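There are structures below to look over.
Here chain A shows up in two complexes: once beside chain B, once beside chain C.
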Partner chain A sequence: MAVIIETVELKKNYGRHEAVRGLNLSVRAGSVCAFLGQNGAGKSSTIKMLLGMIHPTSGSGCIFGHRIDKEKESLLIRQKVAFVAEDKRLYDYMTVAQMIRFTKSFFPRWNHALESRLVEQFDLPLERRIRQLSKGMRTKLALLLGFARGCELLILDEPTEGLDPVAIEDVLQIVVSLTAQGTTVFFSSHQIAEVEQVADHVLMIDRGRLVLDAPMDQLKEQYRQIQAVFPEPIEERDFRLPGIEKIRTEGRTVSLVASHNVDLIVEHVRMLRAGSVDVLPISLKEIFLEKVKARP
Partner chain B sequence: MLLYKAWIETRVRFFAGLIAAAIVCIFYIEQHAWLVEMWTRELQNPKGYHFAWMPLGIHEYSWYLWHYLYDNYLQQVWALFAVLFAFGGLIREKNNGTVLFSLSLPVSRSRWLLTRLTVAVLESITLSLFAVVVVLIGSAVIHQSYSLTQLLLHTALMVAAGIFIIAFGNLCYTLFPGNYLSLLLTLVILGVPYLLLQTYMQHLRYLGRTTWLGYLDFGHAMAGPWKLNWTSAPWLTLLMTWTLTAVLIGAAKVYGDRIDY
Partner chain C sequence: MFRKPNPSSGVPIYVQIKEQIRHAIETGALLSGDQLPGIRSLAETLVINPNTVIKVYRELEQEGVLEIRHGLGAFVASHRRSRSKTEEIRDAQQLMCEFLETLREQGLNDGEIRRLFEAELAGELQRR
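Now for the complex of A and B:
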């Protein structure tokens, strides 16, 4: 599958603060790619750079082969990309109907059928001004305005923030159905459960650097937690093997997170005379916490 | 749709401008008889004020209106609202939190800027044409007349020279976002010198004197001579003003393109 988003050593500094530090990422066409990271990890800055809203300090990036740092090419990108920002404030002096009419005028491939369906599904009051909408309603309208653009790529920054569980489920279903129709989805979220539900690829960013880039299936199949109890306390340095991502020792107990090479690691642990060895599946949330926690 | 959006955002200011322009025009039309009577009394009184322009003000209604409206108060009201029409754009949206939505649309930053400026210019033209209508009707009510050609020529000159104010206001807002701060700065940087110079140069002209400061008299460039025609129009000043306007718009564009939202 073709790569439609690609960044090479992308950097963004705000004064002395390095928000994004040499990010290399790629997103393949047709995928649902989750972009995970803590607050301030650099997710929104990366997305804004991809869409030409902020300028990279250095490095480069392309969407659909168009360079993100060139204004003219950025315009071409935005013709093909629908974006729903984390801040979902819209023109509060417009009515819902005016807002929809305004937005659709820029997108020749606007999906009228989806618009009608979502207006009904989200119960959006067409004649009400946006300033009179609740936060949840504004979020639903912002999502409608993104989904109905008929674009090849959908970039969502915290799409379900402020939504109730029913609406979240609706949104995830729409994401899945759009993907089935060939739309690529790149979204950031703090809701790991949502990510596990819809994403087929995961990118994790921590302090401006990419710390994980893997398909969801691979994560589920290969990532394992290995817990071993030893007769005597043991040193961390005894576990320097390929595939070990994290080591935590508490007295005689050692907990390892392995990204691959699990069989070899288990064999090594047994060789170190472990009394018991347990190999457990690990959730995406645990992987996320291991990846972003306790880094110096 | 961009023009429609910019119009919705500025329509309150626009209607306020119409009201202000109407008040100024109606006030000076209504005051005509009283002022003429007062100047006549002054001229008849040996100890009264005797200014060179007074006979003209008494006998020429068109001079009277030009002096009070196009050389002074209508021009000032128009300039103030032209600045206010130019405020806004993506910078304001950054403060409102809607800029990410706007920038997600396939619209270049330059087009956002040009749309804002276009609406400001159109509103300014409409405001000045509205004043023409008020003057025509008001003059008819007091049984006076003012040449429509002269009215339109003065209106055209005011807008043509005043376009600089729109560009200046927009750049000021881009550099110093916020209605109050940018208005204050525009008034301090542009408004105060403009008013002081306008008053000083009017005084010198009545004394029949000239100075090099006349080249900077932006107010007079907007007003032009009392009897305006194609040959008496200040073309050189207009050319300088348009050049400056282009520079200011260019600066707003370059700065706007570099802003991180």
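Now for the complex of A and C:
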């Protein structure tokens, strides 16, 4: 499948602060790719570089084969990509209807059917001024403007922040529906549950570096938590094996997180005379916590 | 007919949906020749990635559970032994009820039973 977004050693410094430290990303056509990280991990800076809103300090990147750091090519990118920013910037003096009419005048491939469906589904007050909208309503309007543009690539920065569970499910359903029609979706989030539900690929960054890049199904199939109880207290150094990401010992109990190689690890644990060995699945949230907390 | 999967269970969503479809066939809720929902429609109903639905249908086709007719969609394959399978599953359901009753009589609560079951199944899977 074709690669839609690609970056090579992408870096961004703000003064002496290194926000993004050499990212190599690759997002394939037709996928729903989640971009996870804590606040300040470098997600928004990366997205801004992809869209030509800020210039990379070094490294390069392409969207649809257009260079993100060349002004003319960046313009082509922005024509083909719908972006919903974290701050949901809108013209406060316009009414909802005016904002929709204004936006769609720029986009010949505007999806009118989706627009009407969303106005109804989101219960948007067409005659109200944007400055009088609640945070949730602003978000819904911004998402409508992004979704209805009819683009091949949708980039969403924290799309569901401030939305209630019903609206979140609506948003995810639209994402799913657009994907089924061929749109590629790249979205940043720290709402792990929604990511697990719709994403088929996960990119995780921590302090400006990629710490995980894997298909969702692979994560679920290969990551395991292994718990074992031994007859006598046991030490961490007995568990140096490839695939073990995390070791926690408490007296006679040991808890391991493995990213692969589970069979051999279990065999090793049994050889150490474990009384009981439990192999349990692990959720994306736990993987995330292990990845961002595991710091030297 | 299908339930929303539990995304944070640790079991991949495609595995959960495959199980649901198999279960629907085994219990007779879906019969040979019945059509399954379209990819987009099932993805929207369950709010899951359409690529996941494609994976489910493709794997079930390879396993001989479904037939993909191009341009028409996915259908339950005809099974010679589907009738006996249905009976097997019904018998198993009965056994399961009795077994659960026994465990409860021994003083285990549902959470404990579920944990034992899951740990045992996960262990089996690992030993295979």
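Brief remarks on what is shown
Keep this in mind: the second predicted complex is superposed on the first by the 295 of 296 C-alpha atoms of A that agree within 3 Å, B and C clash if a C-alpha of one lies under 4 Å from a C-alpha of the other, contacts with A are read in each partner's own complex, and residues count from 1 in each chain.
Rule of thumb we're sticking to: a contact is a pair of C-beta atoms (placed from the backbone, for glycine too) under 8 Å apart; a residue touches a chain by one contact, two chains touch by 3 or more.
Quick caveat: nothing in here was measured; it's all calculated off a predicted structure.
Chain B and chain C, once both complexes are superposed via chain A, fit side by side. Shared-chain residue A:198: touches chain C; no touch with chain B. When the two structures are aligned on the shared chain, A:266 is found in touch with chain C, with no touch to chain B. Of the two partner chains placed by the overlay, only chain B lies in contact with A:75; chain C stays clear of it. Within the superposed three-chain model, A:94 lies in touch with chain B and out of touch with chain C [touch as defined at top]. Of the two partner chains placed around the shared chain by superposition, neither chain B nor chain C is touched by A:190.
With chain A as the common frame, chain A serves as the apex of an angle whose CA-centre rays point to chain B and chain C; its value is 150 degrees, to a multiple of 10. Least inter-chain distance for chain B and chain C in the combined superposition, rounded to the nearest angstrom, is 25, based on C-alpha atoms.
Those residues of chain B whose C-beta lies close enough to touch chain A in the complex are 1, 4-5, 8-9, 96-101, 103-110, 257-258, 260-261. The part of chain A that touches chain C in the complex is made up of residues 30-32, 169, 172-173, 176-177, 179-181, 192-193, 196-200, 216-217, 220-221, 224, 262-263, 266, 277-285.
Interface residues of chain C, counted against chain A in their complex, comprise 7-14, 39-40, 43-44, 47-52, 55, 118-119, 122-123, 125-126. Considering their complex, residues 48, 51-55, 71-72, 75-76, 78-79, 81-85, 87-94, 101-103, 105-107, 142, 145 of chain A touch chain B.
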